[in-house]
Structure formats: structure tokens, C-alpha cells
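Structure first, then comments.
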Amino acid sequence: MSKHASLERRRQAIYGWLLLGPAGVLLTTFAFYPSIATLWSSLFSRGTRRKPAEFVGGENYTDLFADPTFWLVVKNNLIYAAATIPISIIIALAMALWANSKIPAKGFVRTAYFTPTVLPMIAAANLWLFFYTPGLGVLDQIGSLFGLPSVNWLGQPETALWAVIIVTIWKEAGFFMIFYLAALQTIPADLKEAADIEGASRWTYTRRIVLPLLMPTTLFIMVNAMINSVKLIDHLFILTKGGPSDASKLILYYIWEMAFAFFDAPHAAAMTILVLLVLGIIAAIQFLLIDKRTHYQ
Amino acid sequence: MRRLVPYLDTFGAVALAIIWIAPLFFAFWAAFHSTSDAVNFNLFSPWTLDNFRTAWEGAPWLRYFLNTFLLVTVVLIGQFILTTLAGFAFAQVKFPGRDIVFILVLLQLFILPEVLIVENYAMVSRLGLFDTIVGVGMPYMASAFGIFLMRQSFKSVPIELHEAARVEGCSLFGILMRVYVPLAKPTYLAYALVSVSTHWNNFLWPLIVTNSPDTRPLTVGLSIFGAPENGVDISVISAATIMSIAPLLIAFLVFQRQFVQAFLRAGIK
Amino acid sequence: MFFSTHKAAMLAGATALASWGLAADAETELTMYYPIAVGGALTEVVDGIVADFEAENPDIKVNAIYSGNYDDTRVRALSALNSGEPAQLAVMFSIDAYDLIEQDIVVAFDDVISSDEDRAWLDGFYPALMANGKIEGKTWGVPFQRSTIVAYYNKDMFREAGLDPEKAPTSWEELVSMGKALTKDDTYGVMIPSTGYPYWMFQALAIQNGKELMAGDGLTTYFDDPKVVETLDFWKSLSAEHGIMPEGTVEWGTLRQAFLEGQTAMMWHSTGNLTAVKNNASFDFGVAMLPGNERLGSPTGGGNFYLFKDTTDEEKAAALKLIKFMTAPEQAAEWSIKTGYMGVSPAAYETEKLADYTTEFPPALVARNQLEHAVAEFSTFETARVRDGLNNAIQAALTGTKSAADALGEAQAAAERLLKDYQ
């Protein structure tokens, strides 16, 4: 009997690894191996006709730390994250509360909020380009109705990053709304009735009951928003290309530029490793902070 | 005051909704008017299809549509196969090392393919898949998110069904195909919608690994079309944009309810 | 295409072999990457030229791949080479030459041509257009879609402002004084684009101010020269002091539209825009050479043909044939009329087609006439990054985040750091 059991265990093990095999191979090929290869290549210099590549240790990293553009890009990305994460979460929450309340035109409202989510970022950028163009764009035309001067939204360092941020918020708020909407629908109706009987105001009900119940969802959304603040850069290709004078350049765009426009793979690799480190920290936060039962069971 | 609140609510909600679709609305309007009318907001100017004609002639859009369609199909099929197998292994097969491997897979949720563009580009080239649709789709096939989703779904299948099938003499693979997969249908549907809309919209990676009109998906084609050397024409760009988002947008409007439900399912489980 | 085009082509070749029983080995296949200058159906023009070429040369098959703007095209072509995809030739930025040589992927035309006829062909282009392609005594690039910067101006607005519509400004002082006369509440006197290719416009201004931005060796830049700083201060003063240009940067991509909508009385732009402006302007417009300060001047610009190194001799010969076909006077004339780019050789202007066109539409000659004042476009080793530093400095000064002297000082320091490895 025990022999049978051990045979069965071994069979299960073989089955298990066989089933995992294909996914394992691809994950290794396109995630684990490249991560290690990136680390490795970040330790070498770039080879050119005159100078072949050689091992330089941490030199690529010290180059980066000495590069003012790198720090500007880091700062931009921090502003980008610090703005897009809370603002899109707050807007998403407001959207969800509205879309879940008893208002007329609810269907239209919901659709309108969610529509940007199904558009490619590139298309979204094209739509917004029409908004931002100085003189000809929608924003300027509206502004001129009120006698405001023409503003070069994408062409000034003070506004370019914010113009990019607004497009990101526009794109992701509707997506986050869905998660809130789902969570709201799981709140039992009798809680609302009980609150009404107690004579609690709507605001009190929202603040004391709804928001705490939405907390796990908020954390989940927050992690998603953090990842997006690294990942969502497609619109830069259309709107600003990181300009003017790098004022709207974000890290992933800089990595792309370094690797594919300047052909400087080692420095791009060093930057990639730094980004992976940050993502690792976010991952750790997610695993430690977020209630596993809510999202992983 | 209290009676006013619902009105304020409605006003706020509708105002936000209008702001939210305004960019789309304006692009739509501009696409049907001459550039000069569009940028001067001649509200009563005549409608025209010229921009669509110009845009359509400016690039092989049919080919781009086909490429995107092939891309999302290839990715989806790959994901279905790989995540089903792996999800099942994690959910119902006991073997040593399973938990450690699962943590590794979860880790991949954070190693974004977008960040590894340099090495993944080298890898795809090495495999001879540069400028092929399979090459564009491959890094996304073993999706950690999908594996995770399938595992959750398979875990909720009652063990009695599994046992019953086993008693009837089904192999493990047979059990997977006859018991688990049919029961997970809603999850597949949800995952399919999320996957399709993600890859329909993906840009950076396809930009890097595609090199010709024969493989270029819509997003990359649109970005190239929108950036000629010497200047853009807002109405034509709008027409191209509207054209390229139309299929997914129309599908979304028609299947709105299912779409939203699918996103809900996929996101929170 | 599902799997690589290369394999598919081989498959197609095999099928052809099977079905017709013909030997397919006589066929040479070329892949050419090229950028497109203006939106619209210009890809069709290139496809048409390629089709004509294929009809004349049935043994050569050409895959012409349109790949975005100049930067995109360089990225695409090099990605293809890096990953082992075939590519025999490309139209790329004339100023990419140093980097292409440094990466050891292009071959000099001198090493490919053999006959006297070929040498005569190579000598037949305008010398100013050869400047960027001639490095270390060899010719690496052959001009195809080439331009200079010209001033487009709205004659109707000149008339309204009481100016002579046949006299565009010829000096910086005139530019400012006429610009002031032309600036109204909602329209500007002049717009010089400062996104996209800010260094190009800046180079024009610097030359006019009597100073080059670089030495001819690809290793030395003069960004912090007082004359250069003065140039940037002048550009900045057009908006800050004289108010004849908008504050901040002026968008390259939407400038043509702004000009066509009458938002500005003058714009500086590539001659590559000429045909688009001609087709869309609802007013009387003129084209003039850029004004000068110490001298007249504009850099050349645009794209050259390059031959890639890692190809067979047959492919090189076929590629050369294609390039000769596409730069021949008749084609060059046709291309010039369709786009506004220059005919690349004097012979192109002697063709009946282009001669007729320029008589009927004299602005088409301005860019060519300006060639005698033209200099090579800004180009160094590490050119993309050096240029990026310069672009940022220009934008920083124009948007007021830094002073011209500081910004250019930093750009110079960065350029020296980047070029140090090549000394």
C-alpha cells in the first residue's frame, strides 16, 4: 500500500513538472533569464569599432548616477507616480460611487467613464494631441472664449509633464472604477438600511462604512497604479517624445531611447536593473501589506 | 439642502462623463470635417469622408488589422494552453517544490516584459523570431496573471467531480479536459477579453520587434502614420485614429455588460 | 506575415520553382528601409518608382519598407541588421554617417563602384549635398531626399501689414522689423520650430551669425562660442523681447497647419513641405531664402542612400543599380515635384519635367538657389546623443528654464564627454 502511495506520489510529481514545463520554459526564456542577462550585460562597456566591450564592473551605474538627465528622469517619474496614483484612485472612487448610485443616465455615465480603458494609449495620445495643440487645439479654443491667452501645453517644461499625466489619469481611472464598482456591489444592502435607521448622514455612511470596506480594493488598485506609473509611457511617443528639454521624459522611455535610439545597451541595462529593484520592492510591499485572503485565495 | 444633493450628484456624474468622452467626441467630429473647419470649430461646416479616404490610402490598414487580429489570436491560444496546464498543476497536482515555483511565477507579475525590452529583443532575434507575429506574442504567452487566475478557478472545482472522473478511469489529462476546463468557461471568457483588449492596445514591445508592414500591428502602424517627417494633419490623424479604434470600441459598446463583468471577474477573485 | 518574411520569400521562391520549373537563382532580393517626408500617399510614389525599377530589371526584387521618420528608420534598419534580417540599403539621415561608419555596418560607395560611368554618376550631384556623406576621403551617402530650410511667407498678410509682398526679409533686422509689423493680437510675425529638429534651425541661425556649430572632423563642437550663445539669445529675443514669435517651443509637426491657418505670417521649414503647402494654402504665399546676419546660410538636410556592408557582391551591385535608378535625373525631377525636395543633381533641373514645373512655379527653385550658401548639416560621432544635448539646451533657453550661456555650456560639456572616447 505504501509502495503504491509512493508510486502515486512520484507519478504526481512527474505530471506536475510536465504540466508546468511549457510555461516554465517560456517564463525562463522571457523573464528570468533576461533579468539575469540584463544584470550581466550592465557590467560591461559598449563595444564600438575602436574599443571592444570589456568588463567595467559598476561603472555603468556610476555613469548613470553622474548623469543629470537620469536624475531628472527619476524626478519626473516620481512626480508622475505621485500625481497619477492618488488622483486616478480618487476619481475612480467618485466614478464608482456615482455609477453605483441611483441617478438618471447611469448607463451613459458608466460607459463614458469606462470607454478610455478600451482605447490604445497611442490612439488616446492622438486624441489628446488635438486638445493640446497651441492655437488650434480644443483647450486653447475654449480658453480663448474666456479671453485666456494661448498656452503651449506640450511645449513648456512646466506643463508638458502634467499634460502627459492628465492623459494617463484619463486612461486608467475608468479601469480602476470597475474594481471599486465590484467591491461596492458586495457590500450588503442591510448595512445601508441600518445606517438610515440610525439616522446617519450619507457622508457618515460613506466614510465610516463604505471606505473601510473598500480598503483592500484600494490597496490592490494602488499596486496596479504603481506598476502603471512605470509601464504607461506609450503616449510620450506621440505627445512630447520626452521634451521639451527632457521635462516629460520617464524612465522606461529613457531606457528605450538609450537602447534603441542611442544604441547604448549597457547603460540601458543598468537602468533596467534599477527599475527591477524598485518593482521588487513594490512586490514585497504587496506580499507583506495586502491581505492575502482577499486577493490570493 | 438635502433635496438638492441628488441633483448635485447627477450634475457631477454627468459633467465628469462629458469631460471623459470629450476627447473621443472631438476627434470623431474632426475626422468628418476638413482640417481647416476642424481647427476653427466651424460647427455647421459640411461633413466629409475625405479624411478617411486620405488616411486609408496612406497606410496598409487592412494588413495592420489582420496583423493585430493574428497577434491577439496567437497570444490567446498560447495563453490558454500554457496557463491551463500550469494552473492545473498548481491547483490539483501535488509535487515537491510546487510552492516555491508558484512564488517564482508570482514574482513574474512584477518583472514586466516592458522593462526587459533590451534582452527580450536580443532573445527574440536569437530565436529567429524577429519581425514575426509569433515573436511579438511569445513573451506574453506564459502569463503569470493567467496562471494565477486558472489556479483559482480550478481550485474551486469540487473534489468529488475529480474523484468521480478518476473512478471512471479518466487519466489526469482527461480529467483536466473533461471536468476542469468546461467548469472554468466563465474564467476563460473573462481572461480572453482582458487579454484581447490588452494586446490589441499594446505598443512598446511590438514597436521594437516588428520591422515591416507585414507584421506591424495597428498601434505601431498608427504611431508611424501619425509621425511623418514634415508635419501632421489633425483631421487625417483623427480619421486614422477613429478607424483603428472602431472595431474594439464597437464591440465594447455592443457587449458592454459582458465586458465589464469580464473585467470584474478577472480583476477580483 | 506569420513567420519571417525571409522564410516566406524562400517558400514563395520554392513554390515558383516547383510550379514553373524555372531556376530562381537569377533573382536578387533587396530590402530597403526608407522614411517618408510628408503624410499621405507618398509611399505610393516610392512604390511606383520601385515597380518601374522592377519592370526594367526583372531579375531584381525590391522590398521597400516604409518605416516612419528618420529616427525610426535608423532604429528599424539597425534592428534588422542586429537580428540577422536581410537589409542591403536604406535611406537614412544624411547625418547618421559617422555613427554608421563607427558601427561598421555601411560600405563606402567608392569601394563598390568600378566603372568610369559610375564615378561620373557620383560626381554628378550638387557638391553641397555630398558634404555630409563624404568622410575620411570616401563617399558613404548618396543624396536622395534632400532639403534646405526656406522661409514660407503669407503674401496676403504682408499686403495687409503694408509690406511689399514680393520682398521677404533678407536680414535679421528686417526679420524683426517686418515681424513686428506682421504681428497682430492673434497672429504672429514668424515661427521657427523648436521641437523635432531644433538643432537644424539653430544651425541655420548660427551660420547666418557667422559661426559653425562643428568642425569637419566629427569630434569638435562649438556650442559655447560667444557667437553661438549670441545666436541663441537672438532666437529667444524673437519671443521674449520682440514678441513676434510665441513663447515656449514651437511645434515642428503642427507648424505647417498653423501657417496654413494664418496663425503666423512666416514660417521656417524644410523645403520638403513645399508641395503640401502649395496644395493646401488658401492664400497667396511666397518662398524665400532665409535672412542673413553676417552672411546668408542654411544647413542642408534630409536623407541619403547608404549601402550595408554585410551583403553579397550581387546584392551590392543590384542595390547600386537601384540607387542609380532612383537618383537619375528623371526620377529626381519627379520626386522633387511630388514632394518639394530638391532635385539632387543639376541634370534633374535640366529635365523637361522639372524645367517646366519651375517656370510655372518658381518657388521650387529657392532651395536649390540657396545651395550656394548651404553648409553640411550638424553631425558628429555619437550624433544622436550630442544632438539631443544641443536640442535640450535650445529648448531650455527658449522656454526660459536656463540662460542661453548656461544651457549651451552644459551641452558643450556633455558633447566633450561623449566625444572624448573618439579623440
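The chains carry the letters A, B and C, assigned in the order they are written, with residues numbered from 1 in each.
Following the convention adopted for this analysis, contacts are C-beta pairs under 8 Å (C-beta built on N, C-alpha and C of every residue); 3 or more make two chains touch, one makes a residue touch a chain.
Quantities reported herein were computed from a predicted structural model and do not represent experimental measurements.
**Student:** Graph shape for the chains shown, where an edge means the two chains touch. Line, ring, star, complete, or other?
**Tutor:** complete
**Student:** Tell me which has more C-beta contacts between its two chains, B-C or A-C.
**Tutor:** B-C
**Student:** Distance between chain A and chain B based on Cα centroids, please, to the nearest Å.
**Tutor:** 15
**Student:** How far is the middle of chain A from the middle of chain C, if each middle is the mean of its Cα atoms, in Å?
**Tutor:** Each chain reduced to its C-alpha mean, chain A and chain C end up 37 Å apart.
**Student:** Where does chain B touch two or more other chains at once, residue-wise?
**Tutor:** 39, 121, 208, 223, 227, 232, 234
**Student:** Find every residue in chain A that makes contact with two or more other chains and list them.
**Tutor:** If we look for residues of chain A contacting two or more partner chains, we find 133, 136, 260.
**Student:** Could you list which residues of chain C touch at least two other chains?
**Tutor:** Only 79, 254, 257, 261 qualify.
**Student:** Inside the complex, what are the residues of chain C that reach chain A?
**Tutor:** For chain C paired with chain A, touching residues are 71, 75, 78-79, 99, 101-104, 194-195, 246-251, 254, 257-258, 261, 263, 382, 384-385, 388, 391-393, 395-396, 398-399, 401, 421-422.
**Student:** Provide the residue numbers of chain B that touch chain A in the complex, in ascending order.
**Tutor:** Listed in rising order, the residues of chain B that touch chain A are 5-6, 9-10, 12-14, 16-18, 20-24, 26-27, 30, 39, 41, 81-83, 85-86, 88-90, 93-96, 98, 101, 104-123, 138-139, 141-142, 144, 147, 152, 172, 197, 200-204, 207-208, 218-219, 222-223, 226-227, 232, 234, 237-238, 240-241, 244-245, 248-249, 252-253, 256, 259-260, 263-264, 267-269.
**Student:** Looking at the complex, which residues from chain A come into contact with chain B?
**Tutor:** That would be residues 9, 12-13, 15-17, 19-27, 29-35, 37-38, 41, 91, 94-95, 98-99, 101, 103-105, 108-124, 126-131, 133, 136, 138, 141, 170, 174-175, 178-179, 181-183, 202, 217, 220, 227, 230-231, 233-234, 237-238, 252, 255-256, 259-260, 265, 268-269, 272, 275-276, 279-280, 282-283, 287, 295, 297 of chain A.
**Student:** In the complex formed with chain C, which residues of chain B make contact?
**Tutor:** Residues of chain B touching chain C: 35-36, 39-40, 54, 57-59, 70, 121, 124-125, 128-134, 208, 211-215, 223-225, 227-234, 236.
**Student:** For a test of understanding, state which residues of chain C touch chain B in their complex under the given definition.
**Tutor:** On the chain C side, the touching residues are 1-5, 35-41, 43-44, 63, 65-70, 72, 76, 79-80, 82-85, 252-257, 260-261, 269-270, 272-273, 276, 280, 282.
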